[in-house]
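Chain lettering (A, B and C) follows the sequence in which the chains are written, and residue indices restart at 1 in each chain.
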Amino acid sequence: MTEPLIFEHSRAGRYARAQAPNVRAELDLPPSLLRKSAPNLPEVSELQAVRHYTRLSQLNFSIDTHFYPLGSCTMKYNPRACNKLAMLPGLVDRHPLAPASHSQGFLQCMFELQEMLKSVTGMKAVSLTPMAGAQGELAGVLMIRAYHHARGDHHRNEILVPDAAHGTNPATATMCGMSVVELPTDADGDVDIAALEKAVGPNTAGIMLTNPSTVGVFERKIERIAKIVHAAGGLLYYDGANLNAILGKVRPGDMGFDVIHMNLHKIFARGRGGRGPGSGAVGVGERLKPFMPIPVVAQEEGKYRWLDERDLPQSIGRLSAFMGNAGVLLRAYVYMRMLGHDGMKRVAEFATLNANYLAARLKAAGFQLAYPGRRASHEFIITLKRLARDRGVTAMDVAKALLDYGYHAPTTYFPLLVPECLLIEPTETESKEALDGFIDAMCDIMERAVRDTEQLKGAPYTLPVRRLDDVRAARKLDVAWRPDSAA
Amino acid sequence: MSEVPSDLRYTSDHEWLREEDDGSVVVGITDHAQGALGELVFVEVPETGSDVTQGDACAVVESVKAASDVYAPLNGEILEVNEAIADAPEKVNQDPYGDGWLFRMRPHDAKDLDELLEAEAYQALLDELD
Amino acid sequence: MAFIPHTQGDISEMLAAIGAASINELFDEIPESLRVDDLPGIPEAIGEMEITRLMQARAAQDRGALCFIGAGAYEHHVPAAVWEITTRGEYYSAYTPYQAEASQGTLQLIYEYQSMMASLTGLDVSNASLYDGASAVAEAALMAVRANRRSKSRRILVPRTLSPVYTRVTSAIAGTQGISFERVDFDVATGTTPLAALSEWEGEDITALVIPQPGFLGCLEDVDALTDWAHAHGALVIAVVNPLSLALLRPPGEWGQAGADIACGEGQPLGVPLSSGGPYFGFMTTRMAHVRQMPGRIVGRTEDLDGKPGFTLTLQAREQHIRRSKATSNICTNQGLMVTAATIYMSLLGAEGLARVAAASHANTRQLADALCTVPGVDRAFATPCFHETVLKLDRPVAPVLKGLAEHDILGGFDLSADYPELGHAMLVCATETKTAEDIASYGRALSTVLKQLKVA
């Protein structure tokens, strides 16, 4: 099944007439400023647009249609109410610069969200403004930098990052003008403490950690790590990518972290929207409070208002034109209220139960776990290096084969330090039946890998397209349709 | 088994160097390096006339799965770059020691070349990797 | 249990398969000293019915005003089909299309979006979007430093007619990387950036010049002269544009002799609701020569094993998940869902519909200014051509006037006095195609009343 480009449905002079003013108003502009030829936008009817984009949607896998065990991405069910209520009139059409007199309903939701996030993370204050996890990271590292600079420690410009970390961690540190010092991971998946002790020093600005880590296990020596880094004068940054695993069980603030970002869009169930929008709210400890990105909501005498540059003069500043991804924050607010404090804990419990069950069953079926001696957190890694060696079947081949069974592939080739790996995260919203179906598919694939290797390596066979030629895509860049490029 | 011509010098970052009669040095990436990167889709070369310092990233080779820096193997000036690989990066895969060369430079001190690995030492380094 | 499907029977079977006695045992690697039992700051769970009542009440508190504020976020009619389709589960609950075969819908849509944005801005290639307009300018500045290899100065000229908040965001995001952002003054008589303001940098090494069109004060800049000046000085041109205005105005790719090098801006006017400031999306387009320096994701058309056309993410090797500390940016997500909405919006409107929306907004703002200037004490600040925003000068401080208007449920505009004190009591107003003649008249009546009352007081 394929669908032509929208441009191929286009005919000159057609458009959705109900959607634009009846006439083109006179312009009071000098001709020299005006466009000479119209842009190449499609000319289609409303039905044609609706049908085209509905058909395109049907070419996608999504949580609403498929199990999506994508490790480190927490692809859980997005309750419909979250979306519907965030789009209520009054919220969806509120101008970001509307005065406080016309914003109390919205501001109250934001204030309460800040308070709930403080409680669930154990941090002292929260700013909701970063627009994605990566921007939350940026805010976090900028705050660490601002903290050291405010103390005159301008030389502290090294950020320690475990080698298993998300790629954004080192990329963010670089963006903040820091240099990156990589830390090795020990055989059990924990940070190598001896290497850490050697790496810290007078130039240490901080360390960026994910806990549970990207290899799907809880960093057991976290208290020791915090002590070592703090003793060296550095701060601890918590990458909240895996927060789902520990909600209501253990809090980053109690582990000794000074700053944390939360991926509200995934942990608190706002749809992923084919990659974005996200929200990367940050939480801070006492020391970093003055440096929080603005604006932040405050409550004064029963009224709510924004705190800005005047209230937080040491702030790292603004990261977006207004206050961040308000719509995502509203969805997170609705979700957290529906879960309540007990529900929060159950998220961690059942995410962990599902992951450990899947890990145990796959191990029993002959799959090799990367860290067999450890409890899985909410995700775990299997390595297919034996299969790759013996049969030439790679993690990518298995990932593609899963698509034919109607399962989205787990995360492949991350973290980089485990060869031929699949990082699997089932989330708490999947039923046992869904997990059992996935296990059956994995076993079937394994059997086919031995019986008919070549056939398996050609997968997928049942999707709108087969494997795509990435080399061609990069060498002969075709990134925009033009009228003259029509076939 | 990747090819390691005996008449070239090498760096531990998988670059090769060939000294020309006029004292200039041609630089490329080794057969092992191109094999490890996979099919190249883009090569960014340094600017002609620019001065480079040993160890600085001065070119980038990019495949669909990785983008790797190529480090200046010596201190010196870039005399010429291989324009042909801009349109045909696959030349680096097909002929890494010939048509797939990256740039030609004039070292500030010709003796620096002697510090680099000889074929045997580079081969030993590759054997260790396997 | 919120959204958890497990029965008691499931739990027992699953624990047996794991070999654990209880769910709590699964957390036994977490040090005892760190565990918490309760989250006192989080209320009891409520059901969908209760949260619906609560959110309806909160939303109702903020409803009902007529909004004439623009200043970077614009109220436009959004066709019903846009969000009906955008919130289909197959778009709403999908993720980054790493598995291209299972994401052809999202990928093809982004390819169509890229095509539309490239054409709208008159440039060759678009990325799949950035967070918002302000952060897009920051990313464009970083990109210009990478792309302009001849310039060694890392100096970027930023006119004061660029949105003040964009300027602040750009410094916050890109300010730690040794880039010097230098302010170019504007002409208080015209509200634009005169060439003379650039004379300070005559003959110097400049990496890039930012050119907003329209400027924050609503006025249209002499983009040709500014572009040519920049190119004559070896600087790249970063155009910051309102995409809706490009249905009418000359696109950045056609500015001056050679055209702008990078275009970026806020995509919200293209079918994205105001929603308190986000999620919106930033867009960015450029020339093919700079494509590898562009941050964010890019979709390309290619072929599958059978030679059938298909779409995939391309040029990924530049990105954070592969290049790590050497990536072009730390950015991962784009604003996928917003791009979905914008693409459907542009398809429904087409070039003609978009031009009509833009022209109606332009004409309404002119009518608004005419109407308000009949009120004594109100005057236009500039005679310069505008797109759909303009500055009005009052004979007294703006803040109390806006407060008075808000009491009449009129959100009257944006107070400029903090950011542009040299303009005196100035405010920025906007009337998009959503405003009727009656809306404009009621603003006029309210303003007249408020000014009279304030005078009495």
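The rule is short, and it goes like this: contacts are C-beta pairs under 8 Å (C-beta built on N, C-alpha and C of every residue); 3 or more make two chains touch, one makes a residue touch a chain.
For clarity, every value in this text was computed on a predicted model and none was experimentally measured.
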{"item": "Neighbouring chains common to subunit B and subunit C, by label", "value": "A"}
{"item": "Chain pair with more C-beta contacts, A-B versus A-C", "value": "A-C"}
{"item": "Identity of the chain that, by mean CA position, is farthest from subunit B", "value": "C"}
{"item": "Centre-to-centre distance between subunit C and subunit B (centres being mean Cα positions), rounded to whole Å", "value": "43"}
{"item": "CA centroid of subunit A to CA centroid of subunit C, Å", "value": "20"}
{"item": "Centre distance in Å when subunit A and subunit B are each reduced to the mean of their C-alpha atoms", "value": "38"}
{"item": "Where subunit B touches two or more other chains, by residue", "value": "41-42, 62, 64"}
{"item": "Per-residue overlap in subunit A, given as positions that touch at least 2 other chains", "value": "470, 473-474"}
{"item": "Residue list for subunit C, restricted to those that touch at least two other chains", "value": "322-323, 326"}
{"item": "Subunit B-touching residues of subunit A, taken from the complex the two chains share", "value": "470-471, 473-475"}
{"item": "Subunit B partner contacts - residues on subunit C that touch it in the complex", "value": "149, 292, 316-318, 322-323, 326"}
{"item": "Interface residues, subunit B side, partner subunit C - complex", "value": "41-42, 44, 47, 62-67, 69"}
{"item": "Complex interface listing, subunit B residues touching subunit A", "value": "39, 41-42, 62, 64, 89-90"}
